[in-house]
Amino acid sequence: MRIGVFVCHCGSNIKATIDAEYIAAQVQQDAKVVHAAEYPYLCAEGGQQKIINAVREYQLTGVVICACSPRMHENTFRKTAAKAGLNPYQIEIANIREQCSWVHKNKDAATGKALKLAKAAIARVKLALPLFAGESAVTKRALVIGGGIAGIQTALDIAEAGFAVDLVESTPSIGGKMAQLDKTFPTLDCAACILTPKMVDAAAHEKITLHTYSEVEEVEGFVGNFTATIRKKARSVDMKKCTGCGACWEKCPSKRIPSEFDCGLANRTAIYTPFAQAVPNVPVIDRATCIKFKNGRCGLCADVCQPAAIDFTQEDAVFTQEYGVIIAATGYQVFSLDAYGEYAYHDSKNVITSLELERLMNAAGPTGGKLQRPSDGKAPKKITFIQCVGSRDITRGKPYCSKICCMYTAKHAIAIKEKYPEAEIEIFYIDVRTPGKGFDEFYRRAVEVYGVRYIKGQVGKIAEMNGILHMQAVDLLENKRFDTTADMVVLAAAIEPSPGAKPLAQMLATPMDTLRFFSEAHPKLRPVESATAGIFLSGVCHGPKDIPETVAQASAAACKAIGVLAKDKLITNPCVAKVNDKKCTGCGRCIDVCPYKAISLESNAAEANPALCQGCGGCASLCPSNAMDLNGFTHKQVLAEVDALCR
Amino acid sequence: MWKTMIERCMQCGRCSAACPVAPFMDMPPHKWVYYARNGEGERVQNAGAIWQCLSCFCCEARCPRGVKPAQLAEEKRALSNKVVLLESLSEHVIENMPQQLLVAALRKAR
Amino acid sequence: MSVKIVAFCCNWCSYAGADLAGTSRLNYPAQVKIIRVPCSCRVDVQFILRAFVRGADGVIVCGCHLGDCHYSTGNYHAEGRLTQLFSLLDFMGFERERVHLEWISAAEGAKFAATMDAFVTQVSALGKNERYRNMYTKAGAQNE
Amino acid sequence: MNEQEKMRTRAKELHAAGIIKQVLAWEAGAFPSYPAPAFFTKPNAFEKIVYNEFCTANLSKYVINITEKTLIFLRPCDAHSFAQLVKENQVKRENTYVIAVGCEGCVQVDEGEARDLLESCRTCTKTDYPLFDEEINTQNNPRESTNKAARFAEVTRLDSEENTARYAFWQAHFSQCIRCNACRNICPTCHCKECVMDSDHPLDGQFYHAIRALHQDGRCTDCGQCSRVCPRGIPVHLLNRKLIYTSNK
Amino acid sequence: MQSPVYTCSLDNVTQLINRIAEKMPVYGDFGSSKTTLSPKGFFLPALEKLYETAKINDSYKITPAPPENAPFVLLGIRACDAAAIEILDGVYLNDPIDPQYKARRHASYIVTFACETMGANCFCQSVNINPAAPKGDVKAWVKNGTFFWLAQSEKGERLTELLLDLLERTIPAGNDLLPVEPPDSAPALPLPADMLSAFNAPVWDNLHRACIACGTCTFLCPTCQCYDISSHECTENSEKTHCTRQWDACLYPGFTQMAHGNPRPSKKERFRQRFMHKLVYHMQKYGTSACVGCGRCVNKCPVNMNIVKVAHVLAQEEVNAYV
């Protein structure tokens, strides 16, 4: 073991309060230190060259650099060591600037401490083993889970970069919530005009494979080497033969099934496509309500189908596939309003949620775009909107602001006023939050141009009496309680993660916050990646956001995923846990402590997967027999450092 | 004294909207919390509204932030030395006073 | 003889906090010597006990605030393990004030310096760590 | 105590039926009140099986990494240790055939005479058997909740005292410690192949007791063997009980 | 010339002890039974400092620890411990002589005391030691109310001279000189028929499993005499080191740990070595087994393993599970 010690002056930052010569002299008393020198600027070109020459001249096997914090130049000096032919992990840095010269004025105390820190670093480098970054292969294929605008956008971007993508959607067609919308803010252009071209591109793109009416059942592996098991639920229709002519759902006798796509405002048949522009435009037989599956009679759809695409015997198809990266795009659902009896949502048909209003306003919707009261079909003259129903509520609802309601309520108000100028619209709000680009101007147009009445206050109670909705409300600016009536009430309900998110997060072992949104690795440093390497977040599954932000984040997630797929080999961090299987008794206590589930029991001894392990060391310090150790921070090294500092 | 959580209030007004007696009050419930929070407790204490409060707790049930206006009213009533004398209520009033109001009033009467 | 303090600082938060105390030229006693660990959950009970037996008079472990850990749950494990250690040390009669666990973020340079100041004064009040060395020797016996 | 007869007959029957290859139980020693744990392979030796209040050793640790199918008799404290070992993959459940036996508590033996009930039996709160294949009069485990208070009485008493008083208490005990490691070698959950105190800290015996207790944090089944076997009578089980006490809180 | 037997009444025995205590430190008393710890600690302390080294600029100065030769008296030593001390003398006072042991041993006066009853797990008679006739510098015993004192060595006489004014020469009527003989309760400890073949006896495989290798028996055994020498750095300043000798046990894994490994890798070999040394090897070299039948190991063994059972099993007398 031949160690070289280099003490930096850092100009005057260190030299001012630490006697560098004294340290260089003192460390030579250690028999293993064969060379010690000091230099004004070690991080500069000249300084690094001095180190490289010394390594070659004295055949050094370990280098200690007493200078600034390792968080500053650890990588620089590792590259210097590599240039000199030394293993980059056989250098140690003693932080004698930020943690010594800058924080202790007294020269003797600072020099004494610096010498101790140098000796500690020497003790560490004596035990530093050469470490080699591991490599793991990358499967050049991505898996996007969730076929809404987020999933579609991410899939398109990754495919554009030339990588194969599997897009898995649980409902029979991609499109997600956006397909249900009528218009979008702030430009009021129609949702379908933006979405359907992207859906068709996604279906047509040779790099993208669509798996609709399918679910991911199991995911194993780690970044670059995921294996997913996907179940393609039986559609009972042969996708190759079906032309989407629609003869089957015309003839299907059971027509009274509430359509999920239309939020129950209209009905669908047992064999159905969710909406007209569905992609793929192939129907699905809902086996729970189809008479053929319930008691074996009927089968009309098979009779009328020329291409004979109907196949009642079709089974679920389960297949496994390798992936390099996985992107979660599971989107959101409307928060259930069961806890809010005061709004009479379940009692009166004329109290609806905003999503239901989208369907009523949509030309392809149940009323063909005519705004009608669901109870009697008349056109409502007076409509009241109530904001923050379920949002910003820590007792019965969600503590967060759902972010998109103020904008879509303003959009509804404008859209209604455009079609029915004489309609009277009141909106009860706590604060109108319109922070996006062109958003506030849009909201002011609703107030100033279309004369929508915004009331700062709340509705306490709604009761429907002979067709009229009576409301108890308060106006905070008037500071008085008053009663009012309306033909229809629209509740801006909160949004929450879709039910599929929680099981998916458990499958991917990615952290989730208490509200079941995926947690990002770091809000500012890594906003679209999850803490688990190789898993990326796209769209509302990470948190409430509107369509412009969703698309932006979807592309960001795609770009990060492409960053991984573009590499042939993934360099794994060498400072990972490693097991001495002669000492390991296989008790398995380390397995549960690992946040990355990197440890598994192989033939009665633990094993840490270097690609998954991030090197936190929780397992190493839990292991009673010191069998589990952490490269770079081994038990022996830290103990040697403790001894050196305490002597 | 009582845990009224008034610091959590975001002045959304749902308590006043929900309060059955609010139209007849000189100061609606959301104002009690507003003044209490700004340190003007006496204004609430001297307001007639706290005596009109039926203690039906609709405000607390509907508050999205878990604030307790009814308990704030209870606290103010306890602080004030006003007393509702039972005999001052006429026979007629007692007969057709809503049962809930009678119970609430009696509970406050000392 | 002044007291010796060993501080285990987690690389992502408290070590960065210590560096920030440096860049802001704050001051804290020189007896504090910092050992960098990837996460507060890397601090093994044997490191702390070894430090005491080898002559340290105080050991402080710093980590990220709960919820901010770079490894998501590291500091929760550290807190669980160290609370058990501290309660056992107190039970065995060692001064509980010689050990301390503090959450310091990368932005809290001032808090780092203040925590070190307070800890050094607290340990200096207790003086040298005789109890650790004499635990196994009869008070009078001299066979060390 | 007729468990002994039933144990012997069951052992013979199971061996004859080829279900088990060997039996682990207590065997009468050369001196009457000193029965020792022993493995019995020959049926004719099953007569030597003995079960009385002097059988103080906890048998669960002897089955670690056992290869042949073994019949083992477990009392409530042994059964909990055995369950912990199964949980930590130290013994394959299918290699063992477990018979739960009733227990009225064991006695400390000194100079041939029986002294009072073992400390761990006096404060025993275990009357259940986590896993077993058969039972022999397990109904007569008398101890009910009466011992719950006694279990942590000593811990709370020490806690209430001054820190310096506790130090004096432990110094008086630990200065007697001869580091024979009996407490480590007898403990069922202390099954490292090589103890860190020997490999990494040969010169730092001072924190041996703290490390031993902390390594059992969350695993210790409070069977009391560590204090029973200490030749110097140091109550090391109190350290483990303190950890259980704080983690329960 | 055999020195005469002295007597005194029971109540002024304490006077005797105080008189001796004025001259030199006295340890032990004429208590009811043998001590829990054996007296070997007085000659071979559990931990003693052999020498210190100090680094002076670039050379080393070694200062050996001063020999402890202050005289002291051990009272109430039983026949088994007295025999044990003789066994230790056989090892430490023959070539190569151990200076520390020799200094302490020559400074010691052993006053033994005859046993009238056998302890619960004593079996000294099985190793042909007569509990009523202990060796030692002075033999003392009590017989129907009178305390007898007989010097048996030159050191014993020197000790007796100090007490002449307290002791009488007269023998009370009807008393013969011999102490009471306890009945022969335990059968002789069998020794393996063929000494060395016991090493390969198949019984060891099963016999060793109960033992937890805690070394308590070696710690308490009056004749166990193995030690380990190691040098340590003074934690205060690293310029000084000291070399210490401390008790070791053949049962510990580190006992025969060598550079290439450990010739006794598993507990079985170490367990076998303990009893082979006691019963066979010592017998071959010194003609007597190294076990004095004091029964301390039987009493304190946590898993109730003991030398009597091992001896019987080795001698194949007892056919049981192990064979």
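Think of it as A, B, C, D and E in the order they're written, each chain with its own count starting at 1.
To be clear about the criterion, contacts are C-beta pairs under 8 Å (C-beta built on N, C-alpha and C of every residue); 3 or more make two chains touch, one makes a residue touch a chain.
These figures come from a predicted structure and were not determined experimentally.
Engineer: Hop across touching chains from chain B and tell me the fewest hops that reach chain E.
Structural biologist: The least step count works out to 3.
Engineer: Which neighbours do chain C and chain E have in common?
Structural biologist: For chain C paired with chain E, the chains in contact with each are D, in label order.
Engineer: Sort out for me whether C-D or A-D is joined by the greater number of C-beta contact pairs.
Structural biologist: If we tally the C-beta pairs in contact for A-D and C-D, the bigger total goes to C-D.
Engineer: With chain centres set to the mean of the C-alpha atoms, which chain is at the far end from chain B?
Structural biologist: E
Engineer: Per-chain Cα mean versus the mean over all protein Cα atoms: which chain has them closest together?
Structural biologist: The most central chain, going by mean C-alpha position, is C.
Engineer: What's the distance between the Cα centroids of chain A and chain E, rounded to whole Å?
Structural biologist: Taking the mean C-alpha position of each chain, the two centres sit 74 Å apart.
Engineer: Would you kindly tell me how far, in whole Å, the mean C-alpha position of chain E lies from that of chain D?
Structural biologist: From the centre of chain D to the centre of chain E is 32 Å.
Engineer: List the centre-to-centre spacing of chain B and chain C in whole Å, with centres computed as mean CA coordinates.
Structural biologist: Once rounded, the distance between the two centres reads 53 Å.
Engineer: List the centre-to-centre spacing of chain A and chain B in whole Å, with centres computed as mean CA coordinates.
Structural biologist: About 46 Å separates the centre of chain A from that of chain B.
Engineer: Which parts of chain C, given as residue numbers and ranges, touch two or more other chains?
Structural biologist: 45-46, 50, 54-55, 81, 133
Engineer: Can you tell me which residues of chain D touch two or more of the remaining chains?
Structural biologist: 196, 200-201
Engineer: Of all residues in chain E, which are in touch with two or more distinct other chains?
Structural biologist: Touching at least two other chains: 235.
Engineer: Which positions of chain A touch chain C when the two form their complex?
Structural biologist: Answer in residue numbers: 69-71, 95, 97-100, 102-106, 109-110, 112-113, 116-117, 120, 511, 519, 531, 575, 593, 595-596, 614-618, 620-622, 630, 632-633, 635, 638-639, 641-643, 645-647.
Engineer: Which residues of chain A touch chain D in the complex?
Structural biologist: Those residues of chain A that touch chain D are 582-589, 601, 604, 624-627, 635-636, 639.
Engineer: Would you mind writing out the residues of chain D in touch with chain E in their complex?
Structural biologist: Contacts found on chain D: 27, 29-31, 34-42, 45, 48, 54, 56-57, 61-62, 109-113, 178, 180-182, 185-186, 198, 203, 225, 228-229, 231.
Engineer: So in the complex, the part of chain B that touches chain A is made up of which residues?
Structural biologist: By the definition above, chain B touches chain A via 8, 10-14, 16-19, 22-23, 25, 28, 30-31, 58, 62-66.
Engineer: Can you list the chain D residues touching chain A in their complex?
Structural biologist: Listed in rising order, the residues are 88-90, 190-196, 199-201, 215.
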